[in-house]
Each structure stands twice: as C-alpha cells, then as structure tokens.
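Shared between the two complexes below is chain A, which has chain B as its partner in the first and chain C in the second.
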Partner chain A sequence: MQEKNISANNFEQCQKCSLCETVCPVMANNPDYGGPKRSGPDGERYRLKNGIFFDDSLKYCLNCKRCEVACPSGVRIADLIQQARIDFNKKSPKLRDMMLASTDQMGPLASTFAPIVNFSLGLGPVKSVLDATIGIDRHRTMPKYASKTFVHWFKKNAAAAQDGFKKHISYFHGCYANYNYPQLAKDFVAVMNAFGYGVHLMDGERCCGVAKIANGMIPAATRDAKINMGAFRKSIAEGRDIVTVSTTCTMTLLEEYPELLKVDNDDVKNHVSLVEQFLYKAIASGEVKPVWKEGWKARAAYHCPCHQERLGLGIFTTELLKMIPGMELTELESNCCGIAGTYGFKKENYAVSQKIGKPLFDDIKAAAPEFVACECETCKWQIEMSTGVPVKNPVSILAEALDLEKTSELNRP
Partner chain B sequence: MRFDVVIIGGGLAGMTAATELQRSGLRCAVVAEGLSLNNVSRKEFKAAGGTLLQGDKVTGGVIKDGRLLCVNTQKLGDVVLEADSFILATGKYFSRGLVADMDKVYEPLFGLDVDYDPDRSTWFDRSFAAPQKFLEFGVNTQDGAALKDGEPIVNLYPVGEVLKGISSAGSDASRAILDSAEAAVQAIKGRN
Partner chain C sequence: MPVKNDFDVIIIGGGITGAGTARDCAMRGLKVLLIERHDIATGATGRNHGLLHSGARYAVKDSESAEECIRENKILRSIASNCVEDTGGLFITLPEDEDAGFGLDYQKTFIEACQKAGIDAKAISPSEAREMEPSVNPSLIGAVVVPDGSVDPFRLCSANVTDAAMHGAKVLVYTQFLDFIREGDTILGVKVLDTRTGQEAEYRAPVTVNAAGIWGHGVAEKAGVHIGMYPAKGALLVFGHRVNNVVINRCRKSADGDILVPGDSVTVIGTTSTKVPFEECDNMEVTPEEVSLLLREGCALCPALASTRILRAYAGVRPLVADDSDPTGRSISRGIVCLDHESRDGVKGLVSITGGKLMTYRLMAELATDAVCRKLGVNQVCTTAETPLPGSVDGRIETVSKRFEGKVSLGQKGAAGRQGDLVGKINFTTAEDKKLVCECENVTLAEIKYAVAELGVRTLEDLRRRTRVGMGTCQGTLCIRKAAKALAIALGDPSLEGKLAADYLDERWKGMRAVGWGDTLREMEFMQRVYKFQKPYSYDEI
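Here is the complex of A and B:
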C-alpha cells in the first residue's frame, strides 16, 4: 500500500550519479552506513511504500549536508534522511542523548556548578565512568562551562549602554556562546558596538534545536522553534534584524525549521544574517568603516564548517578576513572535522569521528598556521583536541585586529 | 562583490580556464553548482588563490549595452558578483546548461542564442550507437563572445559543452573542451 505519493524533498530528481557518495565522510569510514544515495533517495522509494523499509543505519548520518552541496540535481538528500528518522524511528532517545541534546537545560545547571563540572569532566576516572555508564567516549575532551553566562554578563555590564546607539540589531547568541564561551559573545558586542550598532538580546531565546533534532527529540525542538520564531518576529517588528554567529544555529533556523520541523520562517528569513555576511555587506557598501590596528599580523588557515558550506556564505567570511591588513589567509581543503555536534561525543562514533577528521587534521598540521579561523563551535573543540592548533572565531579575530576605539569614533553618528 | 572574472560552472572547461586566469594574476570566482569538478582541479584553483562558491548556483544576471554587468546567485541574496569578464561553462543537458523542451532547446540563464533544428524529429537517431544530433546543439558565438538575439554580449565567453558543436560523445571531446577554454583565457587576457 502506498501511504504517500508526493515527495517534498524532490528525490525523483536523483539521477543515481553517486557524486553524493564520493563526498560522504561517513561512508568512507563506516562500512555499516549505506551512504547518502541509498539512505536518502533510494530508500525513500521503499519507505513511501511502507515504513518497514526504514533502516536503523540512518542514525550514522552526521547531517553534515555535504551530499546536498555536491548534488548536481538539487536533491535534499540529508533532509530526506533526517525526515525518515523523524517519521519512522520510534525508539525513544537514550538518557545520554537527551543530556547531550538539551544544551539549554544542561547549560544553566553546568554553569552554576562550573568549577566542579569542569574539574570533574577533566578527570580520568570520571571520564571512564561516563564512558562505561552512559556511553560518552573517554577520549573526548569535554567542553568547558563558564561560571557566569554571557546573558548574565550582558545584563550587568553592557545592556544599559545599547540604547545609546543609532542603529540596532538583535543578537541570537545560541547556547555555546552563552554557557561555554561567553568571550565570543563579548567580542561580538564589542565589534558591533564599535561599528555603531546597539546589540539587543531577544527575550525567551531558546536553543536553535539542532542537537534535539539530531537526537530524535522532535516535539521539544518544534516547541523551541516556534518560540524562537515568535521572538524573531517581535524583534523584526521593532525594526531590529537578527544577527547570528553560529553557522549551525543559522542553518537550523533558516533551513531545518521549515524543512524538518515544519515551522514556517518565510517572513523571517530575509531578516537573519550571519555576522560575517552582515559586516561584509556593511563595510562593502560604506555603511560602516573599519580602522585596523597598526602592525597587527597573523597567519591563519580558514576551515569552512559543513553547515557553512551548506549555507554557501563562507565567501563573506574569507572576504572579510582578507580585508584585514596583515592577515595572511590560506583556505583549507573543505573537509568535515568529524565531530558533527553531539555525534562525536558518543562512544559508538568516536573512532569514526576521528577517522573522518584525519584529512583535515593532516592539512592543518601541514599548513602550520598560528591559528585556524572557523565559525563553528564544535569544529573548534574537535580541531583543538585533535591537532593542538588553536581555533578562533572570525568575530574574535576582528575584535583583535580592529582598533576598536578608533573604529567606534569613526562610526559614531 | 567584485572580481576580474566570474566563471559560471565548475566542470573541466570552467576549472581549467579559472585556474589559468587566476594564475595569471586575475582575481577569479567560480560558482559551481554541485560537485561536478574534480579534486585536483579544485585544489589547484584554491591553491592559486581562487574563490570557489561551492554548491551555489547562478540564477541570472544584468545585461546592458551588450555587456554582462553582474550575476546573482541563489545563496548570496542581494549581493551580486560583478566582473569585467564572465565565462559560461554550464555544460549541456545533464547540468542544465541547456534545456530541451518538446519544441525548442534553450539556454536558461541568459536566454542566449542556441543553434538547433526546429524539426524535433531530426534531433535524435533511434539507433543508440549512431551520432546524436542533439548533442551538437549549443550556444552561438561571435569571436568567442555569446550571442543573444543576434547581438554579441562582448564579455561573456561560453566554453566547453554549452557551446555549439562540442559534444562529450565525440572521440576528441576533451581536446575540444580544453581548446575552447584556452581560447576564452586568451581572449580575456587580451582584454586585461
């Protein structure tokens, strides 16, 4: 019996050319995974007939979306796979998966006890226990939690000054900048302020939901998505467009909401930009003017994260970084780092995760840059852990390279 | 965003021309829909300092007074790619450089003049192994520049399979593809 006969993700366009298979980082490293063509458009033909054809190996998909970038026929292969997991995987997520995925529930808890959490998660015995009990791989360096969240810092130290600016934006900070790495968010505020933009937070901002989607917590992700879109609409109505820093959050907000969660964002899309895209356009149009620090020099290698590759906005990052005098930028060959959010933390995926990342790690070691420039937070964990080379977000690089005082004088209305 | 040359399409012809132009000191951007380009040519182009927009797609452009001024892409929104010269390397039917309807064959991006026989029955031979005429269809040019409504777009150079008379089925196909890329490279170097 055919249960459905219309496909939303145009799998009929698949011409079986197999280009997607040549770029799939999992297929090359995990023989248990059938690959994007078989799991996506091929499997979909069977699943449309009957759900019993759903194959559990779809869980190995990283959702890196490289297959979609490679597809010459525009098939949304990764969406087909994620959608099948949503529709047919009836197993409820494990405790570990729920913990890894609930970044905005675990965040406040971990931040409150940050010194203890950071200390314990660094201990060998604790790691062994986590490995044995819930399956978080012992080799993984756990992300650090900040004892004061960004939101806490912002309300206390920065919020009051923001209304004094002439132009305004809303900042979607995401979980990582808030709980794990507030310095990134502070750099963002410093840079935007220097360019003359007041930064505002959106009341009730929720996690974008990417980790919940990956771990099968769809109702929770959908609820968060609706709250976020409400907050975005309110901000837009108040004349403030939304600027984001995380490429994965941005891909989720712009593409996964309508495709996977069926949360409409058509009216919101054009008001959301990645910070590099926003600043490139502002500088290129002459809207704002940067003043660079004299004598600042760096030799960096740019790693384009998978979800940035999918968004297709990496060109704004490289063009923006190339504007910095004294920046010697090489572009690394586009490869997945292997961590894919919560994927690489799981015991069953650790070995594959490191294997996937190896070509990138080798490239980084060969390029021997002072640091890697990269927009993605989980790539940062993976690259720093696996190569020892520090990873800096382009926003933090700008905060370093800009003469913030002179820039803010020049852009003061 | 401004470049010296924007190359539309990242196949054999597009990447070959792009890499040579980038190496000659011109600032090049390749818009490559899908990953039709191979690893070696992609690496060489990037190593030469070229800009690759991978997985993006040119959706149209602005033509004025016989010149292509800029192109739009799917991903870059309101940011256009401007250039002095453009190379059209979008291939034939599979990559949708050409589109065949029941009664016509057309070039979908700019509506360039395509040389084809209006009598559909002549397009193909029912014998699978026979030469297929539809593979010879392609964009018309004058001194290497694309023609639209009989007039040249002087800074738009079609190369590779999108061109009339070049077919991947021919025995010397790759030679013809590379020769067309080389001709465009020389023409663009001559302009700059």
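Here is the complex of A and C:
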C-alpha cells in the first residue's frame, strides 16, 4: 500500500473542517475574500487544473497565519496563498507597493533626509497627495525615520567594546530598528551587554524580505535571503548564534525562506532565536542572573503578534515579563491588530484593517494599561494610532526594569 | 387490433450509447423514446477512466479499433469541446519493460503501427518527457507523444441526452424495462416500471434498440435471443488532485493499471480486468487486491501516487461480446457489435448495439441509427459528426468565462467549465445564488438550481453527475446538506432532504471504504462525526 502518505502537496491533508475560517480575521471583515480554505487548499486543487482559477481576491490575505496555527492537519494555508500569488499574479508591483516593500532601499534615503522626510510625511496635504496618487491611506502615520541609523551609532559608539565579553552573539537588527527606531536596538545592546554577551553585527545583513514577498518582488527577496543565509552561516561558523528582535523578520528567516523562496535554512534554523526566547532560557537555566530595579512598577497588557503565535514563541515573552517583580501583566485575547505590515498602509485595505483590529483595540481600552507590551513594530504603529496607548517592545521594558549596572556586575565572569 | 405506435423508436439504456443513439435518431427526424432504469451515465459510462483514446493503445494488436479511435477522437474534439480536454498523452518505456521484451525495439513497432492507423505518434527523449510531464517516472528510457486527451463522460452523456430532447426525444429516467410487448416474432414495444411511483406503463414503436450495456444481455434474453456477453469488471482509483496534466500510458502490451488520466480536478488510475458473474454487475465492490495492484502499477507510471491521497475507488463493467463465430465464447472482440435480431435470430423490430467503448459511442450510435432507419425505411444521413453538442458550440472555459460581466467568481468559472456555453442559462443574479455550495468543486446554488430545473435531476447522485457537487476532497461532508436542501425544495418536498443526503453519503462511503487509510480515513471519521451530530440545516445558514 502507500508507504508514506504525507504528500509533498501539503494541501492534500486538508480535511475541510473549516476551523481556519473561524479564525481568519479578514474573512470576518471583508466579504470579497473567500477565506483561507477556499483560497488555500481548495483553490490550489483547482489552480492545478487550470490557472484560470487563480482568484484576484487572494491579495486580501494579510498573511497573519492564524489559519496555520488553527489547522489540525498542519496545512501551510497561508504559504499556499502566498505561493499562488507568486506563481499566478503576473501583474508587476505598483510603485507604491515597491516603495512600501523596499524598506532597505527607502531606509538609507529617508534617514539621510530624516527631518525633511518626517516633517513632510506628517503634513496633512502630503498625506492627501499620497492617498490620492499612490494609494497610501491618509489616516496612516508613516513611521518616522531616524537621522542616524543604528548601525552608524553602533560602529561609532559600541562596536569597540564588544570583544571584551566572554560570550558572543550576532544581532539581526532588521530594517525597522536600524532606520526607524534605533533606540530599540540600543536597548538590545544594553541588555545583552548587561547579561555578559558581546553583540556583533553580521557582514552585509539584508532586509529579511517579508515586505518584498508580500508585494510580489520575489527575485529581489530571494537574492537578499541568500545573502542573509550566507552571513548567518559565517557567524555560526565563528561560534556566534544569531539573536533577533523582530517577530516577523524571524518568521521570514525561519519559515518563509525554505517554503516560499526555496532558500534552504535547515543548518541555520537551530542557531537563531528571538531575544525573549534566548533570555528566558538563559535566565531560567541560571546561565545569567537579572538584577531588577528597586521599586520599578508597571501595569502592562501583552498583545501577542500573529507571527509570534505562528512561531509558538509568545509564551517566552509573557514568562520573561512575569519575572519582573513590579510587573502587573494582563494577557490580551488573541486577536490580529489588522495592520499586517504594509497591508494596512494601502488605501484599499484601511477600512478592513481597522475593523479587524477593533476587538483588540476595545480590549486594550478596557484594560487601560500604562502601555502595551508587544514584540512587533507594525502592531506598535497600529495600536498606538488606533488606541492612543503607547506600545513598548519587551526588550525596551527589560532595559527599563533591569538595574543594568548591577546586572552587568553580577554577570561579569 | 391496429397497433398504435407512440414512437418510431424506443431506446433502452441511458448510458452514452443509448444517449448517442437517441440523439442521432432524433436528429434524423425520428420520434424517440429513451428509457433508463436509474439516471443517465450510471453504468459503465460513468465508471471508466474518462480517457479520450488516441487509439495508440490498440494500434499494434487491433488496427481497426485504433483507426476508429483516432477518427472519433478528432470528431469529439470538434463536436464536444466542453467535454474534452486536450491534455496530450505519453506512452513511456521503463527499464523493466526492456527485460519483458517491450523495450525500445517495441517502441519502434508501436510508432509504426500508430502511424499506419493515422495516429500522430512521435518519439521524444526521456528528458523531454520529464519536462512535458514532471510527475512521470523519472527512470523512463523512452517516450512517445500521442494525441490522447481526457473526456468527461457525465457531461458527454448529458449533452447527448439534452440534444436528443431538444430534437423532440422523450427521455424517461428511473423507468425500468420489464418486458417486451410481443406478437409472434415481432417486438411491438416495451412494458416499463416507473421505479419512483411503482406505476407500470406500455410504450410502442416499430423498432426497439437494446443499448443497455452489460444489462443488454438480460434485455435480449427477454426477447428470447442470446448475446454472448462477457462482463469484465474494471476497477479504478481516484486521486485527490491533478497529479499529472498529461495522460501517461505504458508502451507495452496492454495490462492492468497502466493508464493514468487527469480528469477535471482529479487523476484516475486504471484499470483491472476480471470476469464477473452477471449477478454482481449491479453491485461492484473494489477489492484490496485490486487497490494494491492499481497502486503498484500506478506508482510505476508516476511515483508521486505513493504519497497522494486517494479519494475513492470504483469499478464498472465493460459490455464485452464474445465473437458470434466462436462457439466457445473465448474470443472476445472489443469492437462494436450491432445486431439486427431479425436477420440474426428471426426476431423483428429489435436491434442491439453493444461492445465498443466510450470513445466510439458516436459511431456506435450511427451504426444503430442506420439499422433503425433501414428498418423504418427512412432515408436520412447522419449529421452527428459535424454538429456540436449543446454546451460545446464554443465550450472552452477560457472563452465561456469571458461572457460574464464584471468580476468572474470561482463559482462562475466552475460552471463555465462544466456547462460550457449553456452557462448563460444559469441565473447568477442574487448574491444568494452566487454563493458556493460545494467549495471543493466550486458549485454554486445557481448551478444546482439550473441542473435541477433543466437537466433532469432527481437525486444528489444525479446532481453530482451534472455538476460535480460533492466529488471533491471532502466527498460531500461539508456541502451535501446544503445541496440536499436545495434539491428537496426544487423537487417540491422539503422533507426529502435527510434521505437525499443519506443516500448520497452512503454511496460516497462505499467508494472511500476501499481506500480507508491515511487522510481518507481521517476524512471518513470527520464525515461520520459531522453527520452523527448534525441538526437539520437551516436555509439561512447557507
């Protein structure tokens, strides 16, 4: 009989139980979207028969991957949808999509002119023009660009000290921390250093490519993926594992490279961790010891980003935050915030994006925390814009709550 | 007593042969009655590969069949574009075929025989074959390209019946033949039973055509004539999706399980060939041995089958006929057998048309209709080879789906693929009608309503044969209550819903049981759970 019946065509395992449809945030809010089952496994069956069955509505999938988390049969539903968009959507990406997607090319440009760019992107008339011309929704606040990138700062102020540590890691900072929010990366360096780890940048780190994949720029994304994997391998060979801060970058590096870009990462996977996972394990095992600031107190609500859930790593963040003595943590219901990276910036998705996020926004308002703890940068923009409650990355919370000096003394070998 | 003839000709059997004969007779101006005890295409017509033979399979051994096939192949491509898909076909040679005496020397013989029969056969290199069909066994040592294709037998049969009806034929399904009305040596008509109402009736015509496939044996016995039929069971397996897009055959002496056909949204491997007793023809079960054999042979054509989900197994019975000239009955012809029982047996007013294949149904119908016309003294030429079937005037999905205004939904594309250019008759106006009932096969409520109203649907199996409802991965688990509700309402008795659904699922279950392991077993478990606990469906939930 059939010796192994796990098909390479993973969609075959779909039992049509439709659980995925119950968790899809888009399906509940956009009647034009057929939902994960129909767009994924069902659609794939018909697309194999005839490409005419590729449906344009697949563009509404925001790739939150909640369907994959829910699927009891392990079907990679969101990947099927992304793959179909790659294979069948022959329209070349719009200028807007290219601009939104090319975080690594727009970044250096915008950083150089940061004051002008930030000022103009914040102006009402400019927003209206962007809305009318290239379709970036006027309600959106574009992420601010920093005038000095993190890499620039690091090389000038921190790099030299790193060799003095006993233990070393490589840091995949991603575009956001580099161009838009260097403070996050600086917090990361401070925390890792306090725990006795030297932080190193990798030669030629590229954008993880998530936005390029979402916007159909596959050759560019594949090129970057290969360069990144080369850099990772070099770092691993030199004895440094890789620590990341961005959830979505991490998911892309670990999951999307082999599945969608066909860039192999089998030998690399076990050497990459998200910072919360890395630190939780190090503290729990006694490898490192934290010293918390006397009297530090905060009331926070934790929102687990969709991709963190897909990776199954949210638990590390909550457990890590609960270690902080003064932390009063509410865990919010699992809901998508609706922005999904560049998705929510597009004019055609704005209304749906806000509808999707509403249950989360309501929960946050009801919990009325001092701030929301969340690992994801785009969730941060969405939540701050929609609720007015500030969002802090767990790394920045640690940087605040730790007595960095004492921690650093305690962990000095 | 003067005989009142209701019809010119009565045709027994709503398979493809009967349907084709009804169409041909009606197009030649005859008053036709077609009777079928179940639904159309329920016998061997609906239980085969759906292969549009190029004839290559027969070229070496039986050049006459091969020539018939390629002629009909070309005709069907032009008159049945909505039912036919031009997939192309490969005949591959594997290393083990070489040892069995069917190596590349045989390939040469094969190509010559094909060309002699008028089949465009061309050898290509193994790497070209792998490029043409990536799922093909990569260890092949040779391949020949032939003009095989796939044909949807349900659609083809339905189109013939529809056209017959459009030309004035009366079609009675669920009407069982009981006996002949006979006077001396003349057949005057038939006694029938409406299997749904239990009412008996009589219909008369100067000629009756026995087109009942393997059951034609029993029909002939009622007239006191014997046809030496040989019921040959053929088992097949349906895989969950299209594994291949080109038909794959083995380039060797025909054997079991050596044809892999991509048909609509699935792939089918077959067949076996076993003689079965006549009593078993009504209830075919596929055995574990047959499943193993088909899988083993299938994997030789296409290794991916070893890990592909099997949706179900089914079997049909070929109506093979022993050669009249051979008293032992061992010499079987796969060719067409058209018997005028007046000259053969001295029974007037009866013609039997049998043997043959799905591929040559039109030719069979032409021969039968010629015989009918001769008997009636009608002098009309056959035009079925030139006249497109309904739905196939311009039946390609690519052109048909362009007819819709605005954004074309998946349900509309699905319907365009199935109903061809008749899709315009489907009313997609309301949002409700546009909703998918069967998500696996993209069947909308609108298409179901159309099939029920226009295509003579009585049960969900009937509906399945016309729309593919419930033929996908879940085998009806998620959609069949919705379809049952729609059908029950259309039939004017909403209380039928539960029974319609249960009958359908029983039939699906039968096909799944034979391959009940892995994902299929999980699906069966899921089906069971859903239906154990399901409350009556509320129409608002659709």
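The rule is simple: the second predicted complex is superposed on the first by the 404 of 413 C-alpha atoms of A that agree within 3 Å, B and C clash if a C-alpha of one lies under 4 Å from a C-alpha of the other, contacts with A are read in each partner's own complex, and residues count from 1 in each chain.
The rule is short, and it goes like this: contacts are C-beta pairs under 8 Å (C-beta built on N, C-alpha and C of every residue); 3 or more make two chains touch, one makes a residue touch a chain.
Since we're looking at a predicted model, the values are computed, not measured.
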Touched partner set for A:Leu313, first chain B, second chain C, both or neither: first
Larger contact residue set on chain A - chain B or chain C: C
Which superposed partner A:Asn270 touches (first chain B, second chain C, both, neither): first
Which of chain B and chain C A:Glu400 touches, first, second, both or neither: neither
Which superposed partner A:Gln15 touches (first chain B, second chain C, both, neither): both
Which superposed partner A:Glu331 touches (first chain B, second chain C, both, neither): first
First, second, both or neither for A:Ala70, with chain B first and chain C second: first
Contacts of A:Glu259 with chain B and chain C, given as first, second, both or neither: neither
First, second, both or neither for A:Asp363, with chain B first and chain C second: neither
Overlap of chain C and chain B interfaces on chain A (superposed complexes): 15, 73
Contact footprint of chain A on chain C as seen in their complex: 240-242, 262, 264-265, 291-292, 295, 304, 306-310, 397-398, 401, 407, 410, 413-414, 417, 436, 439-440, 442, 472-474, 477-478, 517-519, 522-523, 526
Chain B contact footprint on chain A (complex, rising order): 15, 19, 22-23, 68-73, 270, 280-281, 284, 309-313, 315-316, 318-319, 331, 333-334
Residue ranges of chain A in contact with chain C within the complex: 1-9, 11-18, 34, 37-38, 41-46, 48-50, 52-53, 55-56, 73
Complex contact set, residues of chain B against chain A: 1, 29, 33-36, 43, 46, 51, 53-56, 73-77, 79, 94-95
